[in-house]
Amino acid sequence: MTGLNKVVQSYQDAMAGLVDGMTIISGGFGLCGIPENLIAEIKRKGTKSLTLVSNNCGVDDFGLGVLLPERQIKKIIASYVGENAEFERQMMSGELEVELTPQGTLAEKMRAGGAGIPAFYTATGVGTLVAAGKTERQFNDRDYILEQAITGDFAIIKAWKADRFGNLVYRKTARNFNPMAATAGKITVAEVEELVEPGALDPDEIHTPGIYVNRVIQGTFEKRIEQRTTRASGES
Amino acid sequence: MALSREQIAQRVAREMRDGYYVNLGIGIPTLVANYIPEDIAVMLHSENGLLGMGQFPSEAELDADLINAGKQTVTMTTGASIFDSAESFAMIRGGHVDLTVLGAFEVDVNGNIASYMIPGKLIKGMGGAMDLVAGADNIIVTMTHASKHGESKLLTQCSLPLTGKGCIKKVLTDLALIEIKNGKFHLLERAPGVTVDEIIKLTQGELVVPKFVPEMRF
Amino acid sequence: MTGLNKVVQSYQDAMAGLVDGMTIISGGFGLCGIPENLIAEIKRKGTKSLTLVSNNCGVDDFGLGVLLPERQIKKIIASYVGENAEFERQMMSGELEVELTPQGTLAEKMRAGGAGIPAFYTATGVGTLVAAGKTERQFNDRDYILEQAITGDFAIIKAWKADRFGNLVYRKTARNFNPMAATAGKITVAEVEELVEPGALDPDEIHTPGIYVNRVIQGTFEKRIEQRTTRASGES
Amino acid sequence: MALSREQIAQRVAREMRDGYYVNLGIGIPTLVANYIPEDIAVMLHSENGLLGMGQFPSEAELDADLINAGKQTVTMTTGASIFDSAESFAMIRGGHVDLTVLGAFEVDVNGNIASYMIPGKLIKGMGGAMDLVAGADNIIVTMTHASKHGESKLLTQCSLPLTGKGCIKKVLTDLALIEIKNGKFHLLERAPGVTVDEIIKLTQGELVVPKFVPEMRF
C-alpha cells in the first residue's frame, strides 16, 4: 500500500534511471526555484550527452552551469543563457548545441507536453529566426507559427512543501517554470524544503497535484541570489 | 540636450493610465517605476510570474524566492499575485497587459524591432522579449536615437535579427518621441533644446515632421 | 486612483454593455460554481440572440436554463446538455443551434482564447463527428485535429472570495471552468460570496489574478444541488 | 449467470494496481469505488476537477461546492487536490491517469467505441468521454454484452456515432472479459456459469476463443 507514497530517501534514488542521452526538463528561473541538489546529483553521476530544457542555464558555478565543465550537456533549449562564460565558450565553439526559444513559447511547450497537446499556434516569433522551418498559418488575418510540445525523460523541479502523495506548493516567484516542468516528465522528481503530512496542504491551494509527481525528496538549499538589490533601510 | 535615462523614464511614465497593468523591461524601463504619477494606480507585471511588483527590499526583507525578470530581488505590493510562467505569458500573449516598455538595438519604419542578438557578438537569448512584442498592443520602445558613432537606430529596415515583425508603434529615444505608422516614422515630440534638424539627421528611416513639434517639459 | 478597483454595486452595472448578439462565456459545471445572479440579470435584461459557451446549460428553472423560455439563446457551445427538457425541445426543433464540444477541448479552447493561442492540436475527437471539417495532422505517428480558441464579449464567472483588484479564489469543485472563462472574456465579470481587503488573499494562493477581471460584484447564492447523494450517517 | 452490476464492478476493481490514479465514469464504473482491494492505495480522479474523490457525504458534510463529474455530492480523501477543468483534462489528455473505466453503447473489433449519442433519440453530449478515450492508454469499457432484444453490442463495426477511434483494448460485459487486438475480439474470461457458446452467439464481431476460457470467481 505504498504505491502513492512518492518519498525517496537519497538523491541517488531520486535520479535513478537517468542515463546518457536522455532529455531533462528543469524548473527554475535564473537561480530562483532551481532543483539545486538534483542538479548536483546529475553532476556527481556524470551522465553525458544530455538534452536540457530550462529557461536558463545557471551561472558558471551554480545551477545547471555546473554540468558544463565536464561537457555533460549536448544540447540546451532555453530562452536566456547570458550569465555564463563557459556556456558562451562552448556555444561559440559549437561544442554545445543551443536552441533559443522565446520564454512564453518555452513555458507553453512544456505545458503542452504535459497536457497531451502535440502542437499549438502562437504569434511569438513570427518573422524572426524562431519561425525558420515552422508551419505558418493565418487566423483572423494575423500570422502565427506552429510550435511543438516538449516532453522529457525526466523533469526535475523544486517546490516549497510536499506531502508524500507528491502534492506540491511553491513559494513566491520560485514557482516560475516548475509547475509546467512537473507535468512534462516521464519521471518527475521534486525536491522540496519541507515534507508535510497528507491533509496539511489545503486541497484548494495545491499548485501541482501529485498525479504529475513520481518522486519526492526533502533537501536543504543554498538559494543563491543572482542580483542582490536592496534599498537603504528606511528609504521607500 | 538629449534626455537622461531618468528623463526617458519620466516621459514614459506619462503614458500610464489609471488602472493599467504594465510590464517594464530590463534597464531604462525599470526606472519608469520611480515616476508613476501619484494620482493613478497601476500594477507592475514581471514575466517570471509576479503581478504587483514592488520596490527593492530592505536588507531585512531580502528573499531569494522573490525576484523580478531581471533576477533582481524585489518586494510585492498589497494585492499582488504569483503564478507560473505559462500563466504569466498567457497574460502577455493573450493581450491582457496594457502597456509594455522595453529597450531595443534598432527599430524600423515598418514597426520591426531588433533587440536580442548581435550575430557573432551578443547571443544571450530573447528571454521574454519576443512574447512581449508579439502579445502587446501598446508598446513603447526606449533606446538611444543613435549609436555613440552617430549611426541611427531608427532605420528603413532593421539590420539585426528581429525580435518581432510589425509590432512597434511608439519609440521614445533620448532625442524624440516617435510614432510609427503607414511605413513611416512620425515625429511627435522633441527633447528640450533638441532641434528638429538634429533629429532628422540622426533618423535614417523616412521621418514625417509636422509643422509644429512640441518640446517635452520636465 | 480607482482604476484598479473593480467592484461594482449593482447587477445592472455588472452586465452593462451586454447587447443582443454577443457571445458570453460562462463558468460552472452543472449547477456548481455558476454565476447565478449574473445569469438572472441577463434574463431580466432580456438580451437576445446570444451565443453561450458553457460546459452545461443548467436545468429547466435554474442556471443558464432560465434563458431558454424567452428564446434568448441563439447558439450554445457545450459538452453536455442532457438535463433540460426545454433545451431538448428547442434543439430538436432547430430553434437552438448546439455545437457539442468535448469537455477537455472546451476547457482548452477557453484557455487558449485567454492565452493568445489561436489554435491547438488534440487527439480528442479524431475519427468522430467532432473532427468534421477540421484540419488533421500527424505528430509522432498519431492523428490529431486542430481546434480553435474561443473568446467572448463577456465572461461571467463565480468565485468564492475577491479583493477589489479582482484577485479571485474559488472553493472546491466550484472552481471548474471559471478560471479559464475568466481569461477569455473581453469583459470579465466575477460574482463572489465574499469581498475581502487587498492583502487578505495570500499572493501564492490566488487562483485568478485580477488582470483578467474587469468587474466584481458581491452576491448571495442559492447554490442548488443537482444530485443530492448522501450516505447514512455512521455508514462509511 | 450474467454478472450483476456489482459483480462487474468487482471484476473491474481487480484491474487496479497499487498507486493507480483512476477515473471512473458515470453508472456502473462509479460502483467500482466500493470494491477497491484493501491492500492497495489508489486515488480517484473526477474530471470536473478533483483528485482524491471520497465517498458520498453524510448529511452534515453535504456541500454544494463539492461534486463529482456525475454532479453527485461527494467528499474528499486525505491528500486530495482541486484544480480547474483545463488542468483536469491535461491530466487525462496528457496520459497521466492510469486507468479509466467507462460505459458504452457499442464497441467494435477495431477498438472503436460509441457511447454518447443515438441520433434522433439521445443527444445529451459527450461530456468528457471523448477526452477520456483519446487520452488514456488503459481503458476498461463496461457494458451489457447484448441489448434486451439479444442484439450484440460487440460489433464488426460500430453503427452509432463514435466517441473514439481505435482506442479500446478491454471490455468487460455481463458475460465476458474481452481483449481487442489485431482487429479481433479475444475471449479472456467468462462469467460464472456462462458458456463459451452463449458468448459466441451474442458477439457479432469476430471472436477468438482459446482452448481454455477461465471462469470468473467472486
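We just call them A, B, C and D in the order they show up, numbering each chain from 1.
Quick note on the criterion: a contact is a pair of C-beta atoms (placed from the backbone, for glycine too) under 8 Å apart; a residue touches a chain by one contact, two chains touch by 3 or more.
A quick map from chain label to UniProt name: A, C = 3-oxoacid CoA-transferase subunit A; B, D = 3-oxoacid CoA-transferase subunit B.
These numbers come from a predicted model, not from an experiment.
Considering only chains that satisfy the touch condition with chain A, which of them also satisfy it with chain B?
Intersection of chain A and chain B contact lists gives C.
Counting C-beta pairs in contact, which chain pair has more, C-D or B-C?
When the contacts at C-D and B-C are counted, C-D has more.
Distance between chain A and chain C based on Cα centroids, please, to the nearest Å.
The computed centroid separation for chain A versus chain C comes out at 32 Å.
Could you give the separation in Å between the centres of chain C and chain D, each centre being the mean of its C-alpha atoms?
Chain centres of chain C and chain D, defined by C-alpha means, are spaced 28 Å apart.
Using mean CA coordinates as chain centres, what's the chain B-chain C distance in Å?
Each chain reduced to its C-alpha mean, chain B and chain C end up 36 Å apart.
Report the inter-chain centroid distance for chain B and chain D in whole angstrom, where each centroid is the mean of the CA atoms.
Going by mean C-alpha positions, chain B sits 55 Å from chain D.
At least two partner chains per residue is the criterion; list those residues in chain C.
Each of 108, 111, 115-117, 122-123, 171-172, 175, 203-204 in chain C touches at least two other chains.
Among all residues of chain D, which ones touch two or more of the remaining chains?
76, 82-83, 86, 89, 92-93, 135
Based on which chains touch which, is the overall arrangement a line, ring, star, complete graph, or other?
other
Considering the complex alone, what residue numbers of chain A touch chain C?
Residues of chain A touching chain C: 108, 112, 115-123, 137, 139-140, 142, 144, 148, 169-172, 175, 203-205.
Of all residues in chain C, which touch chain B in the complex?
Against chain B, the touching part of chain C is residues 1-5, 111, 113-117, 163-165, 167, 183, 198-199, 201, 203-204, 206, 209-212.
Per the contact definition, I'd like the list of chain B residues that touch chain A in the complex.
46-50, 55-60, 62-68, 70-74, 76, 82-86, 88-89, 92-93, 112, 117, 123-131, 134-135, 161-166
For a test of understanding, state which residues of chain B touch chain C in their complex under the given definition.
Its residues touching chain C are 17-21, 39-43, 45, 51-52, 76, 78-83, 86-87, 89-97, 135.
Spell out the part of chain A that touches chain B in their complex, as residue ranges.
29-33, 55, 78-82, 88, 91-92, 98, 100, 102-108, 110-111, 122-130, 160, 171-180, 207, 223-236
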